[in-house]
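Two complexes, one shared chain (chain A), two partners (chain B, chain C).
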Partner chain A sequence: MSDVLTFVLPALLQLVLVLVLAPLICGIIGKTKARFQHRQGAGILQPYYDLAKLLRKEVVISSVASWVFRCTPYLVFASTCLIALLVPTVVVPLPLDRVGDIITVISLFALGRFFVALVGLDTGSAFGGLGASREMSIASIIEPAMMLAIFTAAVTAGSTNLSIIVAKLSSTPASMMNPAHLLAFSGLFIVTMAETGRIPVDNPDTHLELTMIHEAMILEYSGRYLAFVEWSSQMKLVIFLALLSNMFFPLGMAASMSPWALCVGGAAFFAKVIVLAAVVAVVESTNAKLRLFRVPELLMVAFILSLLALILYFIIGA
Partner chain B sequence: MTTKRRYIALIRKNLGDRLNIREGVAPNELYLSLRRESLGTLPETCSLLTRSFRANFTTLVANDERSLNGTFVLSYVFSVPTDDLFLILQVPVEPRHMEVPSVSHVLESANWFEREVKDWFGIVAFPNIYRLASHPDWPEDVHPMLKDFDPQTSVPRVRGSFDFKHVEGEGVFEIPVGPVHAGIIEPGHFRFSVAGEPIINLEIQLFYAHKGTEKIAEGMSPQRVVFLAERISGDSSFGHAVAFCHCMERLSRCEVPRRAAVIRTMLLELERLYNHTGDIGGILLDVGFAAGAAVALELKERLLQLNELLTGSRLLRGVAAIGGVRRDPEDTPLKRQALADMLVRGRQAFEDLVSLVMSSSSVLDRLETTGILSHTDAYRLGITGIAGRASGMNRDFRRDHPHCAYGPLTFRVHTSGEGDVLARMRVRIDEVRESFSIIEQLQLQDPGEPARTGVVTVPPLQQALGYVEGWRGEIVHWAMTDAEGNIFRWKITDPSFHNWRAITVAVRNNIIPDFPVINKSFNLSYSGNDR
Partner chain C sequence: MDSTNLQTVGLLIDIFAAAILVTAFLVVSSRSLVFYIRLFALQSFFLGIVAFLVVLGYGETHILIAAVLTIAVKAIAIPFVLSRVIDRINVHKEVDFSINITVSLLLCGGMVILADSVAHSILDAQRADAPAVSRVLSVSIAMMLIGLFIMTTRKKAITQIVGLLTMENGVFLSGLSITYGMPLIVEVGIFFDILVAVLILGVFIFRINKTFESISIDSLRSLRE
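Here is the complex of A and B:
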């Protein structure tokens, strides 16, 4: 019984939180971008309606599609849900922190990416192949940059376990302003923009197939398959924002399961994610998309920032 | 007209042995008819004309005159920008031997024109025998523009498939795009051969939007054809309508009232304004700079609403008429005020937009060196309008062949040497500024005067050119009337027809994701091209 209370229930609550929050955050980003374009924009609840609509709609599948095409939406959704259980959101220590650490998170993302890229190739459409090849070539630079940024935090805490990283940082708030820490944060922010398919790396709003990366791979999806893939992408954004906020600024996180602490923790998490989402929207609105061959340069910046962070850590310490 | 005399003397002296010279109805047209026995010298004559008079190939018109004199006539139209003159080289073609030597090797800009003539009339410009306008499932021997082809006949489909140039090699693959696109775009098929991201070759298949406009017009009264002309290409509704009216007026030696010319000029500039601002917005949208695009598209909308207020039509339709214009856009204080407001606030909004765009390094980085069309290629392919001027082609019908009220106006023709997407955007920006200044100069010129002459009777069996510098480039119409004064043959030349080939050259060695913005920077009309 106590197991249920201390592990299963909080874990489920965390999953539900990410599942429910994800469309809202995308709605807020969409609304902010619309205001930058002098538009009224759709309501912030629009992504929920879109998901509900897609879940009800018929699925159209290309006659040449294989089992990969049918399985991938569920696989990506499941792996993203699993990641949602592993990242710090409201409370530390994480209920399931012994199940997997930050390496697990990165690997699960890679798993999802691998299958989505396969789907791009599976239907035989020219755009899917184009998207898959772009995604994989960009991923080969995103992943090292992401690992390096995260390792800076891990080295500081002396562990790759996210709960320990967060706990260590919470106990020494001064180290949040450590230059190494801030550099790693910037590196991971650039990685977030690239990984979640945002301008300046990819344009989530475009109709131009020739310029797409992520959208090109999932172009053939419809109905509930599309709903699951879209929902996973939205969750991925929230997960990255959660990593950014809690791995670097774990302020206000609940340290116990008391209702009051949970309320404060929840409010703090919500506020941090919304601020970051607004920053994402501002970056997206004030920049044009990069030329595809310039994307590696941007990601190299992220890589160098993370590398500098790591070097700084060893020079001046945490 | 002394310059014309000079040209006649010069041509007679040098080419008198192979062609006859005749003056046209319109004062700046010179008809040169190549004698039947000199047909073999056609390519040489064309190249002599272009080189010795710095003339530009403007259009090629085929005309089925079998009912009149038993032959077909091909007219190669050249514009001489230095002396505001058009040289029209006419070549008779016997129905028994429907073949002329191709001029494409000396005049590459004539390539598509020759192929279109082959598809629609069956006149082969040997050896340029490739199809262009009729698709492979259309029978080889059916030529819809012949007078004895009834447009109501249903033509059987034959088996055939598109034949694209294949690039082979390791890692080279083809990407087919269209003809149905995402978004609200006209139909066209693009076949890319790419090695990874860089484009090795692009083949374009158009004519999905062919409506048979030229054929429908045959036998129609010119007054009705004005409405047809407005529907050739939506974004150039007014340009095409004025080009056609201009053609009919020149053909009937009718002088339009000064006020009408002023209004036409003003509306042509308003058409240029809304299209240029819209294109700037489109380019920004294609590089993902939605915040800048929103500003541009908002200004475009305001210009369209101004059009509606001034003329009753957002696209300036229903205004042009043979002999003048139907409406005066400055006839009420409200309209005058709206126009004056646009000149102040619109200008300000536009300058704000320009400073927003030009200060965004991420936008400039996308536009610079993207989709370069070299001056050599632009000259070779005869690229017109903004696309040509951005590649250093100093041509503009507003200055070279003054029409409407452009003659006495002061304005500059802006060119740029770079030929990239940014150059095409810069030329647009400069032209928008000129357009504001032109409208300012024209504001309240001869207000209240009649803007249309009485009923214009169009004389029978006459031919003339009509032209306008539309926002995209030179719009040239050529028409001939039949014995009743109705349209016998109408040839429409939209600038897009010249410029589509530029895209295939400009995208080479660029990367696939830059294609949309390169395409947008030309913004060519499918409808105007396919007619």
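Here is the complex of A and C:
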């Protein structure tokens, strides 16, 4: 019974939090971008309506599609839900920190990406193949940058376990302003923009043939399949924002399961994610999308920032 | 000055040194000449702040003049002159590189590692109780290497000047980190030297552009005959 209270219940609450919050954050980003363009924009609840509509719609499957096409939406959704259980959100220690650490999170992302790229190839459409090849070539630069940024945080804490990273950082607030830490944060921020298909790298709003990456791979999806894929990518954004805020600035996280601490932790998490989402929207509104051949230069900057962070950790120390 | 304040100053020096290094990397990563100049101004501003922090933390008041001069000359006067030159010659992009940006960034990352190992062998020979600012030595050596790298791989004359100035910033920073800055008369001499050099080079670029219709240093080879 105590196991249920200390592990299962908080884990489920965290999963529900990420599931419910994800469309809202995307709605807020969309609204902010619309205001930047002097448009009224759709309401911030619009992504919920979209998901509900897609879930009710009929699924159309290409006659050449294989089992990969049918199982990928569930697989991606399940792996994203599992990641949502592993990242720090409201309370530390994390309920499921013995199940997987930060490396598990990275490899679960890679698993989802692999299957989505397979789907791009599976239906044999020209756009799918194009999207898959772009996604994979970009991923080959993003992943090392992400690993280096995350390892900087891990090396500072002396562990890859997310609970220990967060706890160590909370106990020594001065190390949040450490230059290595700040550089790793900015590296991971660029990675976030690339990973979640945001503007300097990919545009989430259009289906323009020449520029799309993520949209090109999932072009054949419809109905509830599309809903699951979309929902997963919305959750991915929230997960990255949670990693950015709590792995680098774990202010206000609840240290116990008391209701008051949970309320404060929840409010702090909500505030941090909203602030980061607003920053994402501002970056998206003030930058033009890069030409595809310029994207590796931006990602190399992210890689170098993370590399510098790691080097500076050894030069200057934590 | 008690030890907690000294720690705070040390942390701030670390942060600004890291920021200086990042501006050097951003110069390597970009193509726009105007952006180079702005980044150089920012870099010199951070350098001035590091010098101020050394005054604050270690009570070396003679650096105060050097800090003020850094901000006045390198963060305001030189960028102003260079922007005027860019406006008049009407060239805004660095287009031809000897080495592309992605590889340049990786090579510069390698240079930081090299600089760190060199700095360690210098610092280990020194006393063990070195102050916080001496940790900045590896950043300053890396700056010199990156400045040299910019000069050797970029072809526009303006970029060459930015490379030279980046090297100069590295030299100033290394002076700060090992000996709390050189004697004042040397520093002041260097500042006027740099300022006059940039003024002359600015005029020079303008003449090169007028004669060759380009500021790419490749065209200077035709001077030989």
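By definition in this document, the second predicted complex is superposed on the first by the 318 of 318 C-alpha atoms of A that agree within 3 Å, B and C clash if a C-alpha of one lies under 4 Å from a C-alpha of the other, contacts with A are read in each partner's own complex, and residues count from 1 in each chain.
FYI, a residue touches a chain if its C-beta (ideal position, glycine included) is under 8 Å from a C-beta of that chain, and two chains touch if they have at least 3 such contacts.
Note that the structure is predicted; figures quoted are calculated from it, not measured.
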item	value
Partner chain in contact with A:S256 - chain B first, chain C second, else both or neither	neither
Chain B versus chain C as contact partner of A:T172, first or second or both or neither	neither
Greater residue coverage of chain A in the superposed arrangement, chain B or chain C	B
Partner chain in contact with A:F314 - chain B first, chain C second, else both or neither	second
Chain B versus chain C as contact partner of A:V301, first or second or both or neither	second
Partner chain in contact with A:S62 - chain B first, chain C second, else both or neither	neither
Chain A residues contacted in one complex by chain B, in the other by chain C	none
Of all residues in chain A, those that touch chain C in their complex	174, 177-180, 182-183, 296-297, 300-301, 303-305, 307-308, 311-312, 314-317
Residue ranges of chain C in contact with chain A within the complex	11, 14-15, 17-19, 21-22, 25-26, 29, 101-102, 105-106, 108-109, 112-113, 116, 119, 135, 138-139
In the complex with chain B, residue positions of chain A that touch it	33, 36-39, 126-127, 129-130, 133-134, 199-200, 203, 205-211, 285-294
List of chain B residues in touch with chain A within their complex	173-177, 182-183, 196-197, 284, 286-291, 293-295, 298, 360, 362-363, 365-366, 370, 511-516
